[in-house]
Amino acid sequence: MTTDLHQSTEEMLAESLWKVRLKLAWRSFRKGWASFVENRIGLLGLGIIALYGLMALAHPILLDTVWDPRVYDPIIGYDAPATIKTIVPDGQVTDPETQVSLLEARLINPILKVGETLEIREQPASPSRKHLLGTDPLGRDVLSQLMFSTRAAFLLGVVASLVTVFIATTVGSVSAFFGGLIDTFFMRLADLILLVPFLPLLIVLSALFQFGLLHLALMIGILGGFGGTAIILKSQALSISVKPFIDAARIAGGGKMHLIFRHIIPNVLPLSFLYMMFSVTDAISIEATLSFLGLLNIDMSWGIMIYQASVQGYLLSGTKYWWLLMPAGLSVTLLAGSFFLVGRAMDEIINPRLRKR
Amino acid sequence: MEHILEVNDLTMHYTVKEGEVMAVDDVSFALGRGEALGLVGESGCGKTSVAMSLIRLLADNAEIQKGSIVLDGVDLVPLVEEEMRTHRWADISMVFQGAMNAWNPVYKVGDQIWEAMQTHFPLMTESEARERIAELFRLVGLNPAMMDRYPHEFSGGMRQRAIIAMALSCNPKVIIADEPTTALDVIVQDQILKELKKIQQELGMSIIYISHDVAVIAEVSDRIGVMYAGKLVELGPTDEVFPRPRHPYAYLLLASTPSVKGPRRKLAPLEGEPPNLLHPPAGCRFHPRCPFATEVCATDEPPYTEVDEGHIVACWNWEQVPELGRLEA
Amino acid sequence: MLKFIGKRTVQNILVFIVFLTATFFLLQAQPGDITDQFLSNPKITPEVRQQFAERLGLTGTLWEQYVRYMKNFFTGNLGVSFSEYPKEVMDIIAERLPRTLALFLFATFLAFIVGFKSGKLLAWRRGKRGEHVITLTGVFFQTVFYPWFAVVMIWIFAFFLGWFPAGKFLTVDKWLTAERTFDANAVFDRMLLTVLAVAVLIIAAEIIGRRMNSRVAGRRFIWGTRVLTLIALVVWWEAVWPEMIPFALDIAYHLVLPTVTLSFVGFGGWMLLTRASMLETLREDYILTARAKGLPDKVVRDRHAARNALLPVTTSLVIGLAFLIGGGVVTETVFSWPGMGQTLLSAASQQDIPLTIGAFAFIAVLALIAHLVVDIMYMYLDPRIRVGG
Amino acid sequence: MTQPRKLWTWLAVIAVFALIAAACGQGTPTETTTSTTAAQSSTTTTEGSTATTAPPAAQGFTYKMGIFNDLTTDNYWAYIGPESEVWNGYVLGSQHPALFTLAYPNIIHVPDLATGAANTPEEQADGTWTVTQEIRKGYMWSDGTEVTANDLVFTYNVVKDFGLGGNWPSTFNLYVPETPDDPATTDVDESAPARDGVTNIEAVDDYTVKVTFSAQPGISMWQNGIGFAPFMPEQFWGPIVDEAKNSDDPAAALYAASGEGEPSAGGLIYAGREPGAFAKNVANQDAYYAGTTYTFYADGSFRQANADKGFDEVYYGDGTGDVTLEYTDGPYAKDVLYSIYGDQNAALLALKSGEIDFMLTPLGLQSGLKQEVLDSPDLSLIANGSNGFRYLAFNMRKSPMNIREFRRAVGCMIDKEFLQQLLQGAIIPAYSLVPAANTFWANPNTEQLCKGLSGQERFDTAMGMLKDAGFTWDVEPQYDADFASLVPGTGTGMKDPDGNPVPEMEILAPGAGYDPLRSTASIWIEQWAGQLGIPAKAVPTSFSVIVDKVFAEGEAAKDWDWYILGWGLGDPSFPDFHEAFFASWQDSAEGGFNTPGYSDPQVDEWAQDLLAATDVNTARDIVHKLDAKIVEDAPYVVLFQTPVLEAYRNTLIFPFTDTLDGLQNLSGLPTSVQMQQ
């Protein structure tokens, strides 16, 4: 009887503790949200992220419904406005709508002769009602590619930042709590990682190993997690671990793991979440840069879109083929920038050092 | 006594999102030449706001609503920033609280003093300046060689002495000493106070002390003003106010402080906190905490009453206030 | 002070050793032997492969390999390049390093100065009009997709406006027609030496000047040295390397666009950082003191607020530098600047492992040296560390 | 205190402006091409028209070309050795004479140093074969020394003694004696049979070369082997070689030496470089062939004549009849500049502005720049076929790739014309191994599998093949005209003739980043195979990893399924690559180039015959047979080749522009190009 009672109280306590926690979290979230809404720049960032999120979600739906995959598939879709033209000798083109010079025809197929007809396809095609952002040199819809790549960007960003934050939070909390040798080791490791230039390191790794999207996300996550973020989260954890309630919990007989997981980590989490935003920024730009340099083995991403335009000679076409470069370049910038803006806005709310301002 | 500084009806408000904070409200006092005036009150009573208004170093959201600050015949309130700048330090200087942080850590102490002198006396040569600083250092009890050291090489007390030297550097007409010794340990505190007093008397300086510490004020000032919630509630010669405060707040403030000098007395706690100046209580601002409050206190603001020559108090029931130590807890 | 520098140097060397060790294990962790990559390369005979393996220290027990690998590294024996066999990796690096150094130094300098100054002004005029716009601009430069940005820069300034050359580091016609006894690297080296000498002189003058007891004399000394150094620079080139001047100027002209573009990488971050740091500094008591002293606003801002805001900015300089080095790789690629970054990239894409590792190690050394310089700079800027106490 | 800082700022600003101003001042274009006195007439050719002859006077202009990578060496030993980068070749390729050379554009084997056509090797009493060839008198190095037979002997000795690698062994075809197994070292049998080849080269006298072979040499060993071996100037390299002999690694020491100052016997002399920026050649007016007129006749005969040097020679006919092309070689340019650009965009800009006249790039112009060139009135665009092909290979060591019909069914599904359309002329469909453009060698009757069929027809044909071979499905795939359901198609549960399920297969292909053409092809092939219910999946893989996998030896040779790569083919005048790619002794599992593991006794026999062939016509028959047989068996499905697009300034006058692999293959014709006034 007594034990039962005891147990149920404990259960109740546990439950209510979680409820309390949840309530607290909800309250602080609402408070934070209220301050966040005041920050117009942060709100702008959130808006852009939401927009891209919608694009990512909409893409498979569009492909399932209104978009014919043969035309709109981002990788194997194909559509190019075609006109049949007659081949005439060089310099005798009188009607460019129906005639094409032998020279130009031979560029497409060198065995053609004067008098034969040729199907001229416009690719890349400029934006039209059917292809709002035009098509790429392979006749694929740029908007579809852009939306498809958004998913990859989010996936990459989320995986990389989750890994970062998971590692950094654990490392930070453990270092702060145990101190000593563990702390020294992790902090020196973080110093080392901070010191090594990130991009060159990834270039070297991509030379040594096969790199796909997920590998890259994990790599960025690991490097980020053991690097700078760990230092910041450690100092946060340190400031928590000296607070009286930790001592109280310790005296109350809480085990080490209990202390770390029930008390320290929950209090580090807001800051972790903040640094997630920044690591998403990093991950997106790094992926795009490595793709641009031709170092990743992936089918489609914003970086690949620019890379393909570049290897096919459209890089410096300026405004003429703007749809090959601008949408992808801007997307990388905007999405990375938005996460950064949101991070900054959260920084002002969460970071105790800045809050008093 | 000739007045070097006259403050009349000084009113200063901060504008914040929620409304206006009446940090300083209708404060008037005068400072005689060579006189030391002490302003005392709890934190948040507007003492520092008064000081900052005097030197016009107010935050962007603060504004002097009305009143005048006449320093040696010049009203500082209407001056534009650039004119005001030439008066700062040359005419009215300040000894800041928190000696550690008042020094810029990256420059030598001597250079920081010289910087002030150079601004106000551009013709002064470097050797003259160094001589002057050496002299000041000796005056405040510092080794002149220390002027080529950085602030972090000074101890707390030394830093405060150097601050005093800096405040004196341009021969100001008025010095405001804002919590000059708060951050120091008691022994050093005492030394510095004695030093300050000595210097003040030697040089015949006019000085305004600001402190929450009644004992400090009592030790160094000729007259004492008690501030509460942005108001000056009592002003009078130290000899009169200290043993026999007339305002209930002054009374409670003194009663809660152990006296270093004079007879031992029973300590009484001062309960509650100063009001939020966004919405100060109507009538006398002290009435919610006042043990002597009557109905009128809650509705009408008390006028100043001259209880003695040069001793004024703003209280409806000042006569009710007993002598110190008589109050039963 | 010397002790501090010495300590930092030793620390950095230790970090480098750890770094090399990590690289070693990275090579070990790679699937198979790195020389396997060349099974199908007709250039690389089995004997040569064996030789590579030996030079990279890939024979013997793990410990033997490690010891040999470290020894080779520290004796400058980085092996031979696969893609430019049988060139020594060291020689290739020696050829390309000056070009990268020039780009990196100028861009860092530019980014830092401009970023710091604009961050300072931004904080000073906090809450005024245009602040959002400038902040957004800063964020844009911080997060812009850099390769794309570099391409846009080339397009605008080299193609559309035609102000600057693209894709070369010298004007071929000019170098071709002239009779000369030196190559471009000789000019690069001299330019770098000059910059270094000027920097050393100016910094030395600063240190000596600050130690002087008389402020006026000290300041005169500092300024005198600066002016004299500039004059000496011109005189020296006129007298000693007169034939190189037009070529140096030619290189400088080609440096402008990549330098400016690269500097944008660091600019945004440093601007935002300075702003944050400055806002914090402005709340300090000594700013109040300075204002109370009646100092003009500009003096308060520059001499007091900005000078102290510089300290935290300097400490986070390291992260910015790593960024800038990464940006350097992209810049060199996009601008066809034949430096270390381009070397690293082409070596990596050709799987030229010795050259990749060599180039990477040198880039890391560059980062370490930059780190050390920043440490020393910080020490110099903060008397609390410099003077002890 | 603020004053001096301002001053400093201003000083800095002024200094920077001064720098820029000065640089701009110096940077303003000065007239770089000086006009010359020599009159000239243009010589251009189109099909069938005869070109006029221009006087062999140098015009004194600088021929400026863009290249896209720095030279990795200026040492010809290293270039033929490990540094075979095309960029080195563009600059260094015109300096060394050989016994024979190829006359372009018709790719005809003609004498260079040799006084006449190649002599026939004769069998000696000891079973070896020897051939002697006389060389010309008065053929001079640019330092005034005569080129003699000793130079070839010297070259041969260095190659042999130093064990030079790279392309040296295939140039000299050194005889390799039998390797006996040394049981002491390893358990593996390391013995190898002797490899026939050159056993000796000697100078009978200064003007006679005698080559000894261990067995009867085929064309590839004699005419196109030793015949193309460069003569290296002994007077220049001798001391360097002697020094290198004493070092630990003589070959590396030799490669590391600088080639600057080496005398030339060709039309150009290497004149140094600025690392990272440019390289330079100057014209060699004293070159033996300077001013020679070349004439190509419709009947295939060829004439080279030079009155100054006193020769007028005709080969492959009697030199009568219609002239298809005639031009007189220069050098007309006084020097040739190779300026390094980072990318084609920058080079195209330079081309438009006149900073360069032509750009040398092995793969031709990027397609995105095509329109730009067409739109520019100053530029001309030419397109040529390339000497190479991209292909899909099957690992025949595994089922179902070992089944001929399976491979052919996949090959049938691949609609190359569709890919050509899709890639808008970036590819040209290819059906034979020898490029169709190499008309002399290409077999016009090689099967063109399923060419011209519609999607439905392809599907039906391919299904027929599979069914004939005994493949079954749980659910048989149906042709989907709409192509609406993408992979895995409608068919499921495909089983091979033995009833085993067809496993999931990977199509290794370079990613879109490395090569969008092959990547695109792989994605479509996945679709097409999927339509047949074949579970193949395109896996973008980095180039080096594919190479690693498909050339892996031993059991690892089974670790891949399908892959897509390309071959650049060597000497177009004797395409003997069939042996390397498909002979059973070339199995990649044993270190050869036969990646599919293809083995056919008939092909092996022909391959041996090809290597031994001593006359061109026999060789051609064999190549035709090989080509037809291999294409039908489909260890490779030849996919496409890429056209080489090139752009040049209209001021240039080339004697011809139609040539396999484009003008870049001839290094931009530096000695025969002229410039309009």
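Every chain is named by a letter (A, B, C and D) in the order it is written, and numbering of its residues begins at 1.
Methods note: a residue touches a chain if its C-beta (ideal position, glycine included) is under 8 Å from a C-beta of that chain, and two chains touch if they have at least 3 such contacts.
Remember, predicted model here, so these are calculated numbers, not experimental data.
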item: Chain pair with more C-beta contacts, A-D versus A-C; value: A-C
item: Centroid distance [mean C-alpha coordinates] between subunit C and subunit A, Å; value: 28
item: Length of the line joining the C-alpha centres of subunit A and subunit B, rounded to whole Å; value: 57
item: Length of the line joining the C-alpha centres of subunit A and subunit D, rounded to whole Å; value: 42
item: Whole-Å gap separating subunit B and subunit D, where each centre is the average of the chain's CA atoms; value: 91
item: Subunit C: positions in contact with at least two other chains; value: 159, 299, 303, 333, 351
item: Where subunit A touches two or more other chains at once, by residue number; value: 294-295, 310, 315-316
item: Overlap residues in subunit B, where contacts from two or more other chains coincide; value: none
item: Interchain contacts, given as pairs of chains that touch; value: A-C, A-D, B-C, C-D
item: Touching residues on subunit A, where the partner in the complex is subunit D; value: 68-70, 73, 75-76, 78, 80, 103-104, 106-110, 119, 121, 123, 137-139, 210, 291, 294-300, 304, 307-317, 321
item: Subunit C contact footprint on subunit B (complex, rising order); value: 55, 57, 60, 85-90, 93-94, 96, 98, 101-106, 111, 114-116, 119-120, 126, 148-150, 152-153, 166
item: Interfacial residue positions of subunit D with respect to subunit A in the complex; value: 343-346, 348-349, 365-370, 372, 374, 381, 383-385, 420-425, 428, 482-484, 486, 511-514, 516, 519-520, 523-524, 527, 540-542, 545, 643, 645
item: Contacting residues of subunit D [partner subunit C, same complex]; value: 1-2, 4, 7-8, 11, 15, 19-20, 22-24, 26-27, 29-30, 32, 62, 64, 70, 72-73, 78, 81-84, 165-167, 249, 251-252, 255-256, 274-278, 280, 337, 339-343, 345-347, 349, 355, 544, 547-548, 551-553
item: Touch list for subunit C against partner subunit D, complex; value: 36-37, 39-40, 42-45, 48, 51, 80, 83-87, 95-96, 99, 158-159, 165-177, 183-185, 219, 223, 226-227, 230, 246, 249-250, 252-253, 256, 298-299, 302-303, 333-338, 351
